[in-house]
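First up is the structure itself, then whatever we jot down about it.
First chain written, first letter: the chains are A, B, C and D, and each begins at residue 1.
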Amino acid sequence: MKVLMKGNEAFAEAAVRAGCRYFFGYPITPQSEVPHYLAQRLPEVGGVFLQAESEVAAINMVYGAAAAGARVMTSSSGPGISLMQEGISYLAGAELPAVIVNIMRGGPGLGNIAPTQADYFQAVKGGGHGDYRVIVLAPANVTEIFTLMEKAFDLADKYRMPVMVLGDGILGQVMEPVELPPLKEINPPPKPWAATGKIERDDKTRRIINSLYIVPEENEKHLEQQFAKYRQIEESEPLHENFLVEDAQIILVSFGTMARIAKSVVLKVRERGIKAGLIRPITLWPFPRKAFTAANIPVAKKILTVEMSGGQMVEDVRLAVNGRIDVEFFGRTGGMVPESKEVLEKVLALAREVE
Amino acid sequence: MKVLMKGNEAFAEAAVRAGCRYFFGYPITPQSEVPHYLAQRLPEVGGVFLQAESEVAAINMVYGAAAAGARVMTSSSGPGISLMQEGISYLAGAELPAVIVNIMRGGPGLGNIAPTQADYFQAVKGGGHGDYRVIVLAPANVTEIFTLMEKAFDLADKYRMPVMVLGDGILGQVMEPVELPPLKEINPPPKPWAATGKIERDDKTRRIINSLYIVPEENEKHLEQQFAKYRQIEESEPLHENFLVEDAQIILVSFGTMARIAKSVVLKVRERGIKAGLIRPITLWPFPRKAFTAANIPVAKKILTVEMSGGQMVEDVRLAVNGRIDVEFFGRTGGMVPESKEVLEKVLALAREVE
Amino acid sequence: MKVLMKGNEAFAEAAVRAGCRYFFGYPITPQSEVPHYLAQRLPEVGGVFLQAESEVAAINMVYGAAAAGARVMTSSSGPGISLMQEGISYLAGAELPAVIVNIMRGGPGLGNIAPTQADYFQAVKGGGHGDYRVIVLAPANVTEIFTLMEKAFDLADKYRMPVMVLGDGILGQVMEPVELPPLKEINPPPKPWAATGKIERDDKTRRIINSLYIVPEENEKHLEQQFAKYRQIEESEPLHENFLVEDAQIILVSFGTMARIAKSVVLKVRERGIKAGLIRPITLWPFPRKAFTAANIPVAKKILTVEMSGGQMVEDVRLAVNGRIDVEFFGRTGGMVPESKEVLEKVLALAREVE
Amino acid sequence: MKVLMKGNEAFAEAAVRAGCRYFFGYPITPQSEVPHYLAQRLPEVGGVFLQAESEVAAINMVYGAAAAGARVMTSSSGPGISLMQEGISYLAGAELPAVIVNIMRGGPGLGNIAPTQADYFQAVKGGGHGDYRVIVLAPANVTEIFTLMEKAFDLADKYRMPVMVLGDGILGQVMEPVELPPLKEINPPPKPWAATGKIERDDKTRRIINSLYIVPEENEKHLEQQFAKYRQIEESEPLHENFLVEDAQIILVSFGTMARIAKSVVLKVRERGIKAGLIRPITLWPFPRKAFTAANIPVAKKILTVEMSGGQMVEDVRLAVNGRIDVEFFGRTGGMVPESKEVLEKVLALAREVE
């Protein structure tokens, strides 16, 4: 049985079903339905919802709960996520699992509450200080919110690191019918490192959660372990969707809700005999580089990255392609969404070039 | 006459000589000599030094002073700079000139106080939310601190945007003889947009400093103006130093103090008959892409990016090279500095490959 | 069956048994066992313990929970209670029931963590701004903590106002055997004024909790209702203990743990044939004025107020006596406790005067 | 030459003329003209005006400036003054001179912005924790603001303690012609205890400003010195105005602007042959007890305290009179000001009683 559900509510309900029992946050449009829903829902399952006094406080509460071994999340939008950057760097430095949802809004600064994808750089390249990575997932519809939120908590625990889930105002506000996955028992992996209170434990060992490595040699050793982990993730975890790419001469690349528009453009231009396809990165970090190998897109002559921003993911596409194929960009900024018509025009122009 | 001066003091004195009269910040090692020096120095020239209650407060005070037309700066290190990301995005969104100095320390999280270059991504790709850019300058010695700090304030005013100056713990702490530039009168450009107080002004116009563009069309229009500005900057402002690149088969790329070590390696391998050279980006954004054209490095066969990080600027090098030449990376992390010997080994290995 | 219990734990357990389900606070010696105990205990009974980011935050969280109709408390000591004064004034202005425990320590300023009674004025005369009163209770032993904490919550709800319970470091730290009162069902009175959420309620009325009365006439009307309530409390609620006062020529007046020492002095001087007695105010506001009428102390010739302070309650004793009998004072300050011997000397000296 | 001046501006200008060079505060009606004026004025005389992020911050900045030996003030109203209570207690504990202006508004809680005298208890009995006193001055008109503000700074320095100056919304907002006192050189007493920076000083002694006395014996010794100081102040500094009291059977007692109404009532009832007079306390602490001796009011039969509150100073009047004469009270609350007509009715009623 399908139920109609708003994207933001899906982020919230999906978190609960993924075993998340702690939420700390501060309200900001267009993600306020996430805390609103969880304020009701978490107490029902014995969880804790707490509105912090600021986003800086919220992310540090997330740090605390994660350090104690809980499945914990926060959510916010642009300005609030920026305020969390120090905390996210600390989570990464202390190897703490946590899920951070960013329902992106128009920026920079106060901007507006319209949907964008302009926080890609912040999420993927690391908005905080230091050498670290955050896994970044980008669902494109309400059903995928459920699968990716569960994945987010699993990856966070598996690799002991923060996972960011990027939505945008469209995905947050859209109502879609969704087949709720059956409730299942969640068994997060044991966390023998968690600071759960020495007195209560049998082993009486002292467990310290920390990102301080005052001796550079030790910090480097710690970071080399992280980099080894990152390499493993880049090997094992990239996800993307191929859509009609095998015979495509023109490859569109888009993520999130933008990919839904791009997909419709692919279908429309195919009606006109133009061989187009779409690569939709689902993990933004690790970026699905193998999607851009000749094996995957054997006849591609042009790549068009389409984003709801001035051009950010396009850098990762170019890095993946490494000069082999020409990579162009089309985008709208400031809360404007590229329309199917203008993307179509762009594809038609490229089609003329490759003929 | 030369004087011996510590890097951090040079950042501070250079700011004063560049006409900076307002400093807001919060102490953090290894940049504490900057505020320490300015706490004494700014009142001497009629300026204001204020230690804020946090970095979040400091960057918002910078926003206020910049909005009123002042030459203003803050400085911090890693964690403090992360806390400023929301404010930096607001400065960019409101088109406010300000200078932010980051004396990078070991991260992520609390890390340590040893020197790194691991905040490159944060500085260059935008640590805050939304589509925006920050000019990033990277001096390599105390004399250059003086020229680049003046440039930083000039560029900030010229383009009405935040400028970040990246140092590291070595540059901050090193004492070097420096020929102080003659004191000159600073004439910042007029700022007819500054919110200087309607009552005091003849024109009585209302001036509003804001990053709020609630209508997406207007935000997009605003951002398109910014992007046009950014393109102009990418055209006019890139700076780099060429060091023996004309005949070089192996090109090292490094910035800041790392480039000093790289330069010494170039000289050492040349003694062995290996044609190596160095490109030192001085502006990190705009990245000096033209330094990587065939015209500038006609015989290059290999590029080796060397950083005090796990590899960040290397992405911009690869984007500039776009697959034309193989780009390799060597770096140390967590506060460790690549030693001349190990960089030399790496270059020798590459030399064997290109023979 | 008696159990050994520390005073601070008794404050905490007594609150739970009185139906308190919400605690917000911030740690400070010598009351830290109160939050420590409740952090464990409240979740067991479905309640919420939350350590706030400061005492200012804590008292405002108390305001919120009280506004929603909960039985809620906070506890702190000197400096923390001072930080709560704005919030306490708001609780009074908005007619909200809440219990505030102050385990008094040495002041002013940082002072020390030794026991005092020097916050009497702050508690009784109103440390916050505006015309308001707070009921103040002063238990003298662990058993009385149980009865007075229950009374505190009942009075708070009955009169819709904050109730303060004053302890001191001795009372907080002492361990005493106590007969735990049987667990009973607590039925707080209905709170038809509580802002419990319009949607959930049948009546759909809008309930506003506020202390804003922008029109002075309305504020005066509101305050006259409060003063009428205060007069009723002064009539109905004063409590004191008489100890051998009927035939006493010398009346000691002390509250809290100080009264235990005073009581021992009374017994000692009676052994020497001196007719002394003790009045122990249990409610500090309303002050038990009737305890000082001729009917209660028919042969009193001298009154000696003994406090662990420089002299504060003595003003209320003098106001009650109104010149009829001479009122003297003896006290120690800064965390020093008057010793039985020196109080005894003082009483002997008075005895010589009245002979 | 007289100039027209608003009360709040007079508080500000008087502070500057008394040598105050530092102001830290946070805006609140009805005192906002004080910071507004000083934001302009202090820089003109080389001083510093700083709007803090909250009243808690402001009072701690006052603490810092006072510790460094500066003449410093803050001003606020009701709620803001409550937030400062911890800081005021610390100022008292550390023996720091500072001036705090409270332009009282309607309370408790948010209340309103109309004038009251309902913060008398808070000011006089000590709103903060611990055994301490604050000198409290209450000017009644704009000219007296100038004399009492100068006195406030002098007393603060003389006795090393905080001095509060109580105004109300009427006094703050009223415009009155005032003969500005001639500008004179202010020579605050030397402050050999001030923490001015060891390096700059010849003596190189370590100076510590602190309110921590962890050993109770030392705290008591410290407080006994304070109490000795307080006794000296109670001896030397009480101030009051006598108005037609020598032959008065009915004595009105009022302070601040209330006393101006009371004075007009005295004149009106004297026209009807009723012998009334007025005692106006100018120092509220030390309270001018001697004004109530038989020597000062030889034929008084009734005392009527009139306040813009529910009755606070009346307690100090009763303590001073100690039952010798009947003390009655009349007041209005919540921002209402007793009208001359209703006070007159009250006096006429008393006159009938004493005939």
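A few comments on the model shown:
The criterion applied here is as follows: contacts are C-beta pairs under 8 Å (C-beta built on N, C-alpha and C of every residue); 3 or more make two chains touch, one makes a residue touch a chain.
Note that the structure is a prediction, hence the values are computed from the model and not measured.
Ranked by how far their CA centres sit from the centre of subunit C, the chains are topped by B.
If you average the Cα atoms of subunit B and of subunit D, the two centres end up 53 Å apart. Centre to centre, using the average C-alpha position, subunit C and subunit D are separated by 29 Å. Chain contacts in this assembly form a single closed ring in which each chain touches exactly two others. Chain pairs that touch, as defined above: A-B, A-C, B-D, C-D.
By the touch rule above, subunit B contacts subunit D in their complex via residues 50, 53, 57. The touching residues of subunit D, counted against subunit C in their complex, run 56, 78-83, 85-86, 89-94, 104, 106-114, 116, 118-119, 121-122, 125-132, 210-224, 227, 309-310, 312, 315, 318-319, 321-324, 332-336.
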